[in-house]
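Below are two complexes that have chain A in common, paired first with chain B and then with chain C.
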Partner chain A sequence: MRARHLLLAACAFLVACQREQRDLRTDPPVAEALGQVAVMPGGIGGRPAAIDRALGHPYQTNAYQLNQGKRLWDWFNCSGCHAAGGGASGPALTDGSWRYGPDMVSIFVSIRDGRPNGMPAFRGKLTDEQILQLSGYVQAMGAETASTAAPSRNDTMQARASENRAPAAAAFPKQVSR
Partner chain B sequence: MGPQLATAQPDPGFSRLDEITVENAGRLVPAWSFRTGTPGAHATAPLIAGDTLFVLTPFPHTLFALDLTRPGAAVKWRYMPPPDRTADGLTCCDAATGGLAASGDRLYLNTLDGHTISLDAAGGQVVWDARPAHPQTGETLAAAPLVAGNRIIIGSAGDDAGPRGWLAALDAATGRQDWKVFDTGPDAEVGIGEGFRPLYDPPQARDRGVSTWPPAAWQQGGGGLSGAPVADPALGLVFYQTGHPAPWNPDQRPGENRWTSGIFARDAASGAARWFDPINPHDLYAMGASGGLLPTPDGRLVHPDANGFLYVLDPATGKMLSATRFLPVNAARGIDLASAVPIREDRYVTVQDRTVRDICPAWPAGSNAQAAYSPATGLLYIPAATLCMDMAARSASYIAGTPFGGADVRVKPAPGGEEGALIAWDIAAGRAAWTVPERFPLRGGALATAGSVVFYGTLDGLLKAVDARTGRGLWQFQATAGIVGRPASFRAPDGHQYVAVLAGAGGLTGTASAKEIDVRDATAARGFANALRTLPPPQDRSGTLFVFRLP
Partner chain C sequence: MSPDSLPPDIRDTDLAPDVLEPELERTWRTPRGLIGALSTVDHKIIGRRYLVTAFIFLAMGGVLAMLMRLQLARPENRVLPPDLYDQVFTMHGANMMFLFAVPVMEAVAVYLVPLMVGTRNVAFPRLNAFSYWMYLAGGFTLWTAFALDMGPDVGWFAYVPLSGPEYGSGKRADIWAQMITFTEVSAMAVAVEIVVTVLKQRAPGMSLDRIPLFVWSMLVTSFLIIMAMPAIMVASTSLILDRLVGTHFFNPAEGGDVLLWQHLFWFFGHPEVYIVFLPAVGMVSTIIATFTRRPTFGYLALVMALIATGILAFGLWVHHMFATGLPRLGESFFTASSMSIAIPAGVQIFCWLATLWLGRPVYRTPLLFVLAFFVTFVIGGLTGVMVASVPLDTQVHDTYFVVAHFHYVLIGGAVFPLLGAIYYWYPKIVGRMMSERLGRWVVGLLAIGFNLTFFPMHLLGLHGMTRRVYTYQVEMGWGGLNLFVSLSAVLLACGFALFFFDAIRSSWIGEPAGDDPWGGPTLEWSTTSPPPPYNFRHIPIVRSGQPLWDDTETLTVAAGLRVDRRELVVSSVAEALPEAREASPANSIWPLWAAIASTVMLISSIFSPWAVVWGAVPIAVALIGWFWPKGTPEDEA
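Take a look at the complex of A and B:
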């Protein structure tokens, strides 16, 4: 019985390692391949880079990557237009409604190439990997389903239910009607 | 009336019509309405010139000319300037998006995406189309142009993205730029020369627009136009309020940050600076110097600032005659009249990476709530927001075309629970004559009439008429959307007085708008989502013009 517990704990421990696994430096060929998404002609939807699948979608499932996305959110002024996800001059991202698609490729393309109505292009300002980290965080904001990975809490003002209580959409019934 | 606006138009806050009075205002009935088909903040008041009523919708704009001589005011013409949709991402919080002025047989239109367009008022044909502002850099044109003689005076908005604010004059006949001066930077670019007589800056000091900033910070320092400029033809001056410095985070810009968040007087012919009053130097709370400028009959300039103090200035010299608290304020103990600056309360001074709570008043979010002065009662009617805020400043990097902010803000009601009030201010006595508390902050302007009635709209869509002397409620009408514009009164071709108001509220409300706001985020809409969580959704997302008359 005790051995079984230990085994379970060991498994959980190992999974936890996976959940926050990080590299000090992304392998250059991997970094190069991360931007190779195939986008549909309309600019919405497409196929993620093959390397992303091969690595097991780390930008959606790895807490470290999500947390990097959260830091980039403030550093690159995303919060200036979208607040903590509730929107200001830009639309809300937490409400589960996506103008240009909810999938990683659509979000990646929105950030990299910009969108009409004021979303600027961040190509040349962020690396493909940083855009993917940000995309994973943005996608998690509007997610309707739970995830085991979440970024850490805010350092200063807690503007909304924190990410590690996700999915916010399930815990807090929608009050938004548009 | 004191100095008349050079537009030959009366002060938009006061109507000389007196058919609607305290006695009969309760019997007002809708005469007709006009649905604009556009969602968003209809912040521009209806403009009446001759037998035509002009309605400007929010961005992307449509300008409608409605013929008042025909039953139901049929559309005479409409004009849709081709929009640059980039500008859409630069507005927040129900702030004004462009504006309209009329002079002679011409209309002058400022579009949010940076065009100033002259139109033939009769047929809507474009006379000239200039592009003084560029949304790619964060600049927009939010206020209405000012017609001063043969010049059109315009100024940039968009402080949140950091572009240097400027004021420019265009030739009314051709649209060619006559002069352009900046609100930050070296004296030569700010228009500071021989004629500048500052009362609150060292007279010999040079290039204060550079030296009161960290190195090169003035180049992304903001300070655009906050509210519409005002002219005084007798003095030949133009007065305007400069916007807040960028970024929001004050720790990133130590210094007084000249010439942001103050009031400038400039020569209308050359743009040369005459005087400057610092209202919120080293602006901690993104106040700008917003709140409006009103000339009064006794030759004063009145300015109810967003910082909660009402300033009375001498328009010739800029001398600050008085500054009286009219809102709940804890961020300043008062105004030092000798240096013109607020005496700050240390515990509400923002510190980077710390949340400072319960700062009163809250930042104004580009509020469009212009006060109205009535020569009939001698009172100033201020549509106010009585709000406080929590603010957490943090480091922001400048990235062209993105907001240069660095603050998380959460807005909430002032102690007492009411978020707004209509304040009738007795300027001479320096106190409120009466106050009507409002559940939500007032964001549209007030209109006073010679019939001793004050009209104003609320965010939950009520157009209200109150007795100008006592504040007693006389009448109200439930419109189909929130009201963030000023009502207007006019005499129609049938000889009767009408009252018109545009209903249509936008991004702030979270429910009404072209913008998508999720109110579960307390910092959404720059913190206003937190204050407006209980605001009911409008019946109609589209804007509607409602026009009323006596039966």
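Take a look at the complex of A and C:
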């Protein structure tokens, strides 16, 4: 029985770690440091903020942060251009092809500073932390294999299978290539 | 099968009394060692484990309650951050309802019902072992998740959409839902065992009108479990499906229904209250009869009240949903049905009062608990009638008034009788008495501490303090009462701590009890304390409702059972006429394996739906091992 408990605890610990941690108010110094990404010249790629690494990349692995990102996606009407990730007037985000790179820093910069041909800058409209949440979610929605931390469906009409049912590309029967 | 191929057939009539007991012991005992302990199907050992585990969960849930009182002791307190507070109140509720209240009542039943009906084990003993392992795994799952910051944070009722896929991020709500599956599987298993034990394994002569009232109450409770629990299993499974594979049971945009959750939950949740309360009714009736030295007044009325409560329990769940905007007629109907529950409750109270009035009460600790129960439970019942009326309910809905109300009925109505029952049956289970002196202190501390803690909550609720808030502002003016409540809670906690101290201490140095320390009327007192593995040397024959009082000299017994294998008497449902000698399953390790396989499947299925497919394989293997034919002949009539 003890062996079973150890086994159970080990399983639970492996899947859990910090995936569920939920700080409702980020410390101001941490929030400040989150925006300090080093971007390569040309605005694609770079090094994430040191604090993000120190925290264990919560914006990519933590269920709560990913879920917050999904809510921001709705609240800031990202679907207005990108549809449910399948792309409309904006590019698709689930087809595995990224104009400005698939990494967190590139997505972060895309949202914060905007991109040519219509992607607006959200600097000043969203905090750095919110942009990171959104970036993590955008990565999750286009992931080939779903993480168990990825969000599930919304209580709305369904345009695609939810993010925890990857691969994302399979969610769309026909890809609009742009 | 020809007679000569039968194995040797030794009957208890063949053996002298001094040979019979060791032989029975050899047949029914639990082997020493780890494997023996893990494979036992003895209802007394499993019942004892159930009891100890449930009381450990009670203590842990109590610690959570004290943490909440610490946080709420003053305005704008910062002991628990809001997210942790959400987890703590959810854990407290879920732990107390699913891991303590229901299992502890079942634990008492698993231990006592076979003794009280005069049989040697519960029906389906391996299922009994399985149910305990499932219960343990469910509790372990919940608390491990909590330790990993993954504890459910959506309330013990987990309403959608808060617990649904959109707002309940992570796996916290899934942990809650799967814990439900564990505990409900175990509860259903025990319920089925109890029903069959009571209906088919009663001692010869124990016709329906001679069943002890506690057994009656567990029979009704078990039927309630069987009818109520499927609703919550459907609900929690639908919730996991919604969250994991994106079904739309609770998504109104795709044709689902949010209120469906509340209906399913409370169709279980209200009977749940009676699943916790009805065993307490049985305990109170038993304790009062013993300590007034007379049969309980109005046996038939009490049994009818039990059954009436059980039936009415399924007709008033909507009173939890008055604030959701129901049709007026529905509200009126459910107000009426909610108030009608006061009728059987009143019948019970007056039957007990009459018993006390007509008897010569001996005020020992168990009876003192019953008196504390009367006062507290009646207050809880009165506020219950108040919140049954829609206008008042819409005003106090989700306030501390409701918190006060349900703690009055749950602690006053169920925990006080339960603790009285522990003091009453402890000598039978352990073989030693609990301390009478400490017991009086426990009753006093609990009764006073409880009322001081929870009565002011009525006032806080009327002043507008809502449930589940992690803090409040100074300007609300709730600080003084909250501080008083928190300080009183320390008194209450001291009462529980003293109870635990007494229970642990008495198992070492309590006064040896003897077979029948209280002079009780029912069959469990006719055997030794603690009972031998085979419970009774011979199956007793019952000729009245109080066999030990009415057959003072000797108890008539039935003979002719085999002693070289586990055998018990199966009797007819109504008259308890003996029908057959039935084999009772031997110890087996397979229920444990089945529980481990089920645990792995259930926990993994939170993370991937494929776990249901692959997890079914080890479960199938375990069940095949469990049910592998033994080649023993079928039972003989």
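Everything below uses one rule, namely that the second predicted complex is superposed on the first by the 151 of 178 C-alpha atoms of A that agree within 3 Å, B and C clash if a C-alpha of one lies under 4 Å from a C-alpha of the other, contacts with A are read in each partner's own complex, and residues count from 1 in each chain.
Quick note on the criterion: a residue touches a chain if its C-beta (ideal position, glycine included) is under 8 Å from a C-beta of that chain, and two chains touch if they have at least 3 such contacts.
Only a predicted model underlies this, so the values are computations on that prediction, with no experimental measurement involved.
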item	value
Partner chain in contact with A:Q21 - chain B first, chain C second, else both or neither	second
Touched partner set for A:N77, first chain B, second chain C, both or neither	first
Touched partner set for A:M40, first chain B, second chain C, both or neither	neither
Chain B versus chain C as contact partner of A:A88, first or second or both or neither	first
Which superposed partner A:Y64 touches (first chain B, second chain C, both, neither)	second
Contacts of A:K125 with chain B and chain C, given as first, second, both or neither	first
Which superposed partner A:A161 touches (first chain B, second chain C, both, neither)	both
Chain B versus chain C as contact partner of A:S152, first or second or both or neither	second
Touching both chain C and chain B, counted on chain A across the two superposed complexes	155-157, 161
Complex contacts: residues of chain A adjacent to chain B	74-77, 79-81, 83-92, 94-95, 97, 116-120, 125, 155-157, 159-161, 168, 172, 175-178
Chain A-facing residues of chain C, complex	38, 81-83, 137, 140-141, 144-145, 148-150, 161, 164-166, 169-172, 242-246, 248, 250-254, 596, 599, 603, 607-608
Touch list for chain B against partner chain A, complex	85-93, 135, 160, 353-355, 390, 392, 394, 396-397, 399, 401-405, 408, 410, 507, 510-511, 513, 515-526, 529, 533, 537
Chain A residues within the chain C interface of the complex	1, 4-5, 8-9, 11-13, 15-24, 63-64, 66-68, 148-149, 151-158, 161-162, 164-165
